[in-house]
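Each structure below is given as structure tokens.
Two complexes come next, and they have one chain in common, subunit A, joined by subunit B in the first and subunit C in the second.
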Partner chain A sequence: MITSTKFSKNKVLRANEYSPPYHALRDLGLVGAQLEGMDFSGYSLRGVNFSNANLRRVNFTEADLTGANFTRADLSLSVLQRANCTDTTFDGADLTQSYGRGALFYRASMTYCMLRRVTYKNAFFLDCNLEGADFAQGFFVGSKFNGCRKRYMKNADPSKPGGPVYTWYLRPGGGPPRYEPAPQYIPYNVSVTGSLSVQENAARKKLT
Partner chain B sequence: MRAQQSTLLRIQFLENDIQNYKADMAKLEDANEIVLMQDKIRDRETRIDENKQWLRALETDPEWGKLVETDGSYLPKMPTFRTEKEMERALENPESWYEEDENEDVQHQMATREMVHRSHNELALQRMDGEGPIATDTDVDAGEA
Partner chain C sequence: MEGNELDERVAKLQVALSEVRKRWQALGEERDKLGQQELFILGQIKEREFDKPDVVNLPIYDKKEDLEKALGNRGKDLFGRDQEGLNESRQELMEKEAKGTVDYINKVQQEQGPAGE
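What follows is the complex of A and B.
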């Protein structure tokens, strides 16, 4: 097991450079590892133990994080865009300001996980354990929360100041969105400006 | 309806507070105390504005801010998939935004809004390229000059 290891970018196997490409980092122990700013996009990181690791600004775009363990890891400013987080553990992890557009959290354990000021548009939380999770100022438009345990959740009320955003209220003729209902404004639970090159959709996959 | 009534009541109480403070302020002579009283009045006015905003939100969506008892604690309603079919389709492509069982009017509004945005975007791009109406008006052809 590798602990407290400082990786350089060259030492980590890139998925597309070696064959077979995946599972190079499968079931690896990276407890307390210093991995700040690493790029794991497209990697298969099944069962990797990232407990207590420093994963600030790490890129997990389209990574397979099935069964990975991020207990008390620092994932602030990380990118979990379209990542597969099935059976992943985020207990006590700090996901502050992370970006997880289109990420899938299935049966993930996220107790007392910090999701402050995150952008998780179209992310799906299915059968997750969100007990005590902090949703302060999170952005969850298009996200769905089916079958989740929500006890002791903090700042999950969108009507309170500092609460998350689940719905946009838009005027049909255009204009900026509102985060609270208003006359003549239509609630949208989905992203409607998909094919446009505005900032919020810059990372969106092109629609077919 | 109950939430609206309580909000109206709160506004009434705050207005009464302001009236009382104004009456008290008329009797005061110390400048510092007058300033403190003015601060209190301003605070109540801000709260009235907030409550009026809340009332406007409640008129549009009566369930805004309503908490539901889940797992022994009161939590807000969070968005969920309504059908299995919707979930399957979303898992296939998380970025798909047309919902099959969505109201037709809403779908139409969404399409209209996208069209408006698209035209704005094209206009902006034209201007950035220097081929738009603003750039052409200001451009002077060197050959003609």
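What follows is the complex of A and C.
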């Protein structure tokens, strides 16, 4: 078992630096571990217990998190792009400002999970338990929520101040998008780049 | 009033008192039962209030085919390109844009002469 004392605070382990093969991280107990800034991209982390762990800025891109436990873990600023979160537990976890384009949450338990100011474009929330989850100012364009439990959800209504964004409204002639319906604006319920990450909008490279 | 009469009246009053006490006790038991029923009903009402259907309307896939298609296209954009293909097409687009910019500058320079003259 890896304990919190094994990693120094600011040590960032890359996949190729980690000596055992990646599948050795299955079913580990990392309760309360200090893993800030780690790179777990592409790892198989099936059944790993991250309860109460510090996972700020951790990269879980394309990681397999099936059956993992993130109860009350701090996942703020983490990256869950295209991660597989089947049967994963995020009860009371803090996912503030995380990035999860194309992430798959299937049968995940996300009760009282904080999803404030997140960017989850084209993510899948299928048969999840979202009771009491907080969606304040989240960005969910293209994300769908089939079969989810939604009681006591906070800030999930896009029409209210501080609510999330599910649809972009674009003007055919160009210009910035709106977050609320307007005449002549076309609703966009999906992000064109799917689950791929590209430099968008202001971050696009300028030609020299 | 003689002593015997007094005793009789006291005995009658004691019997009446015991009757009243019995009735009072019975009423108390009934009240407790009713109170428990009231609490039970109130609890049920509260539970029903919690079970009210939520008013949050989150977007969903209307058709199963749409969901399956979207899941199948995970890792691709809406035009079926993967990350590499997307980067290539973006590179092409950027080169096209750059060429267009150069062409435009050349055209302007041909019309107006090089800058600074």
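Operating definition for what follows: the second predicted complex is superposed on the first by the 170 of 208 C-alpha atoms of A that agree within 3 Å, B and C clash if a C-alpha of one lies under 4 Å from a C-alpha of the other, contacts with A are read in each partner's own complex, and residues count from 1 in each chain.
In this text, a residue touches a chain if its C-beta (ideal position, glycine included) is under 8 Å from a C-beta of that chain, and two chains touch if they have at least 3 such contacts.
In this text, all values refer to a predicted model and were calculated from it rather than measured experimentally.
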| task | Classify the contacts of A:Asn146 with the two partner chains as first (subunit B alone), second (subunit C alone), both, or neither. | result | both
| message | Once the two complexes are aligned on chain A, which partner has more residues of subunit A within touching range, subunit B or subunit C? | response | B
| Now for A:Pro183: first (subunit B), second (subunit C), both, or neither, which partner does it touch? | first
| message | Once chain A of both complexes is superposed, is A:Gly102 in touch with subunit B (first), subunit C (second), both, or neither? | response | both
| task | In the overlay, answer first, second, both or neither for which of subunit B and subunit C A:Gly173 touches. | result | first
| Regarding the shared-chain residue A:Arg82, is it in contact with subunit B (first), subunit C (second), both, or neither? | both
| query | Which subunit A residues contact subunit B in one complex and subunit C in the other? | reply | 82, 102, 104, 122, 124, 126, 140, 143-146, 148, 150-153, 156-157, 166-167, 189-190, 192-198, 205, 207
| message | Taking the touch rule as given, give the residues of subunit B at its contact with subunit A in the complex, in rising order. | response | 53, 56-57, 59-61, 64-65, 67, 70-73, 75-76, 78-81, 87, 90-91, 94-99, 106, 109-110, 112-114, 116-118, 120-121
| task | Using the touch definition up top, name the residues of subunit C that touch subunit A in the complex. | result | 50, 54-56, 58-61, 67, 70-71, 73-79, 81-83, 86-87, 90, 94, 97-98, 101
| message | If we count contacts the way the header does, which residues on subunit A are in touch with subunit C in the complex? | response | 82, 102, 104, 122, 124-126, 140, 143-146, 148, 150-153, 156-157, 166-167, 189-190, 192-198, 205, 207
| Which subunit A residues qualify as touching subunit B in the complex? | 82, 102, 104, 122-124, 126, 140, 142-146, 148-153, 156-160, 166-167, 170, 172-174, 180-183, 185-198, 204-205, 207
